[in-house]
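Consider the two complexes below, in which chain A is the common component and chain B and chain C are the respective partners.
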Partner chain A sequence: MKTLKSIGYLLGLPVILLAWWWLATSGEPNFFVPTPSRLVTTFVETWFGERMLTDVLPSIMRLVFGVLAAIVLGIALGLAVGLNRTLRAVTEPVFEFFRALPPPVLVPVLMLLVGINDGMKIAVIISGCIWPVLLNTIEGVRSIDPVQNETSRSYGITGFARIRYQILPSATPTIMAGVRQALSIGLILMVISEMFASSSGLGFTIVQFQRSFAVPEMWSGIVVLGLIGVALSFIFQWVQRRVLRWYHGLKEVENAV
Partner chain B sequence: MLSNNPTSHAGGRTLPEGQALLSVRNLKKVYHTDAGDIEAVRNLTFDLGRGELVCLVGPSGSGKTTLLKCIAGLLGSTSGEVLLDGQKVTGPPKKMAVVFQEYGRSLFPWLRVAENVELPLKNAGVPKEERKRLVAEALEAVGLAHVPKSYPWQLSGGMQQRVAIARAVAYQPEVLLMDEPFAAVDAQTRADLEDLIRSVWKKLGVTVLFVTHDIDESIYLGERVIILSSSPTIVQEDIVIDLPAERDQLETRSLPRFTELRHHVYAEIQKAKQGHRPEGAITMVAK
Partner chain C sequence: MTQMTESSTRAAVRAKASRAPSKGLPKWVLGLIGIVAFLGFWELMPVIGAVQAKYLPPASEVLAALVTDLGLTAFWVAVGDTMLAWAIGLAMAVAAALVLGLVIGMSPFLRRFTNSTIEFLRPIPSVALIPLAVLLFGIKIESALLLIVYACFWQVLIQVLYGVADVDNVAMQTAKSYGFSYLQRVRDVVFPTMLPYLMTGIRLAASVALILAITAELLIGSPGLGKEISLAQSGGAIAGMYALILATGFLGVAINGVTRVVEKRVLSWHPSVRGEATA
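Right after this comes the complex of A and B.
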């Protein structure tokens, strides 16, 4: 009963939206909005074939590499800056400036500097995704409990051991919030970098479809992007549940008091 | 009446050279703040012999926590020194463990109970088998052998402080420093934890320095009580607690001797609050 109910909650709204869409398109055909059944057949025809390997997979690879690199770099830099007061004072205003730059404006510059290749696209994704991770890591490291610090010191937990056993776990809730932002930024930048200069990828293909008035195909590409976003979100939640189990439990206890 | 007076020293008791495990010598701590200097500890001298259980009691704001942090090597002193086994303390020594008042913040919430106890040992490179044994023994000693897989925040306050005590015990320190460890737990739990400290102390033969603002607690627990003056802090008096070694929450606390000692310590602290300074201490300051 309980699972039925939760499945109902999960599928309720999508079913209503589909029904509405179906009703709205069942009258006279609109060139720009395909019917649900047309979109499904187009979706299968367009993406379950060669395009999966030539466009979808390369896009996902760029996204994954870019986001992972941004997370690793962001956390490493964030630790260094967060643990060093001087470094923090020097870098923080600069970071705020770079963070304020919309990463798409970097695409033409990176095209010149890195060249038109996968490296450029990954660089664009990193340049946008690193900021939330970096700034959240700094914040997480900075707001560490002084009693935890004294505990580590009195038990001789210093240097890398302290980072590993105390600082990283303690900053994880804040870092994860940054990673979540980075994922959505990453998806946007993946598409944008492929729209500018590319010969493969989802962004490139969708723009091709638009320019050749292949409207159902274009819509089906947008659906692919949506599905990738949903998949990313599920993966993120799955990881978060495991990594932050202690944190959610702790919060529940604190809220109950 | 005179025979009822406890054996006491004005100023802290010191031991002949080589006999003390922990020595505090002319310790002074001044905090430099934007609003000016604050003298938290003026001049403290006392010794702890090996295996002693000593309570430090003083009015609130008497620099008890400052003193403890200086001894633990967490805070540098302005002048004077702390010696552990003849070695000057400059950072947190390997042979010391600290139990903090804020157990909820001192235990790592992302680690389970057993992992919290194990972490300092793991960090010190103790082999796995040995670690397992020490953790099990420590949890057994504090009566928490049944919850190794729980998270600290799933436990009550008293149990959390037990975990912190187990972590300190498993670390096998020679000196156990406790900074008002029971100030935040309820009275019932507090009584249990006091008895726990006595039993751990007896079983392990560890030297304990227990800081508290609670006069009754200091007398009930200690073999010796060091009374601090109000800030700027010196040792007001250092008295021997001549109560039977077997302590019992009801029996001991209703002994006439307990009441006498309680009166004595209370009177000393009142004097301290009014600014009375023992003569021995004054000459020490002058020196």
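Right after this comes the complex of A and C.
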């Protein structure tokens, strides 16, 4: 009974929305909105074939490479800057500017500097995603409990061991918040870089459908992007639960007291 | 997640305030050194031939182009268009998210009932809607608004839902037994608790709205700074393009600054802000 109820909560609204969509489109055909069954058949026809290999997978690969590179670079740079107070003060205004700069404007810049190729698209993703990770790492390192730092020093824990066992763990909750922002920016930039200058990839294909007024195909492309977004968010939550298991446990203990 | 950063930022601020003043140069001088070093590096890159000057003009040339822009009406019209789309989109998203968030958040049933749908719709990137926006509205401002409202709505909604969930149960029960009506409960019990969350949501949404306003202008060609950037690029006015890009960055910095000040003003009564001020 209990599981039945939670299934009802989980699927209730989606089912109602789908039924509404089906009823609203089943009458006269609407040019802008395809019927659910039409969308499903178009979705399967359009994406489960050659396009999977030529457009979808390369896009996802670029996204994964770009985001991972941005995370690694952001954390490495953030540690270097965050641990040095002078360096932090010197870089702060410039970094704040780059954080405030809307990432899509980097697309035309990198098109000029790198040219139109895979490298450009990955560079766009890296240069947009690195800022939230970098700035959150700096913030995380900066706000470490001073008692922890002093304990490390008294016990002679320095260098790599200190970074590995003291600094990184205490900064991880803040870093993860940055990674989450980086993921959504990365997905936006993947699409934009392909819409702007490309002859393949998801973004390009979807714009192509729209320009040729292939409306159901266009919708199916929007669904693909949505599914990628949802998948990324699930992966992130899974990783976060593993990485921050100790943190949530600690919070629970603290809140219980 | 945001709460995590927020609280750690606050802790950091307090920790810094209690620390002894650091030796050496004051912070703003160091920041200035950083800016000068960055501009110097940028100036030298094309001069020493690390990149071609036609692709990355030296900083001095770009700054000169920016100064020229500041005197042009066309530039300010573009800034106005961008900010108009930003402001309308943000206001619509905040209004819709606030009302829906309160209604959903105050009812445990609705909260559970909508949870799966919200969690599914939220991660959908709003740029996925670009083709739809073009199809429906073409290059009009509505295209930009569709993207901005979609992206900002979820940011604010989630924060409002967290905020309503944070309302003290005893306060709520007390209000109920004193016969507060629904609207009175919203105004006097829920709203004060939710306000810090709402402000966080608005602050995040304000920068997201700028990103999407510029995106829509770049890709769809609705009027504004983004459109000017893509025109400058295709017209080969590279220094002008970099100048406009700098302008969008300054716009972003200004928006961040203003929202931070507004947040502090609106929440001046709230313990989290007052604690910061006295520490």
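Note that in this section the second predicted complex is superposed on the first by the 247 of 257 C-alpha atoms of A that agree within 3 Å, B and C clash if a C-alpha of one lies under 4 Å from a C-alpha of the other, contacts with A are read in each partner's own complex, and residues count from 1 in each chain.
Everything below uses one rule, namely that a contact is a pair of C-beta atoms (placed from the backbone, for glycine too) under 8 Å apart; a residue touches a chain by one contact, two chains touch by 3 or more.
Just so you know, these numbers come straight off a predicted model, no measurement behind them.
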- Give one word, clash or fit, describing how chain B and chain C relate on chain A after superposing. fit
- For A:46, is the partner it touches chain B (first), chain C (second), both, or none of the two (neither)? neither
- Mind working out whether A:250 is in touch with chain B, chain C, both or neither, as first, second, both or neither? first
- Message: Under the stated touch criterion, which partner chain does A:192 make contact with: chain B (first), chain C (second), both, or neither?
- Response: second
- Query: Just chain B (first), just chain C (second), both, or neither: which does A:127 touch?
  - Reply: neither
- Message: If we overlay the two complexes on their shared chain A, which of chain B and chain C does A:200 touch? Say first, second, both or neither.
- Response: neither
- Task: Look at A:169 in the shared chain and tell me whether it touches chain B only, chain C only, both, or neither; answer first, second, both or neither.
- Result: first
- Check whether A:91 is in contact with chain B, with chain C, with both or with neither, and answer first, second, both or neither. second
- Message: Going by the contact rule stated at the top, is it chain B or chain C that touches a larger number of residues on chain A?
- Response: C
- Message: I'd like to know which partner A:59 touches here: chain B for first, chain C for second, both or neither.
- Response: neither
- Min C-alpha distance chain B to chain C after superposition on A, in Å, is 6
- chain C contacts chain A in the complex at 1-2, 4-5, 8-9, 11-12, 15, 22, 24, 27, 30-35, 37-38, 51, 55-56, 112-117, 119-120, 122-132, 134-136, 207, 210-211, 214-215, 218-219, 226, 229-230, 233, 238, 241-242, 245, 248-250, 252-253, 255-256
- Residue ranges of chain A touching chain B (in the complex, touch as defined): 145, 147-148, 150-151, 153-157, 161, 165-166, 169-170, 172, 246-247, 249-250, 253-254
- Flag every residue of chain A that touches chain C in the complex, lowest number first. 9-14, 17, 32, 85-86, 89-94, 96-105, 107-109, 111-113, 136, 139-140, 142-143, 146, 173-174, 176-177, 180, 184, 187-188, 191-192, 195-196, 203, 206-207, 209-210, 213, 215, 218-219, 221-222, 225-226, 229-230, 232-233
- Query: Can you list the chain B residues touching chain A in their complex?
  - Reply: 69, 72-74, 91-92, 94, 96-98, 100, 102, 105-106, 108-111, 119-120, 123-124, 151, 153-154, 167, 171
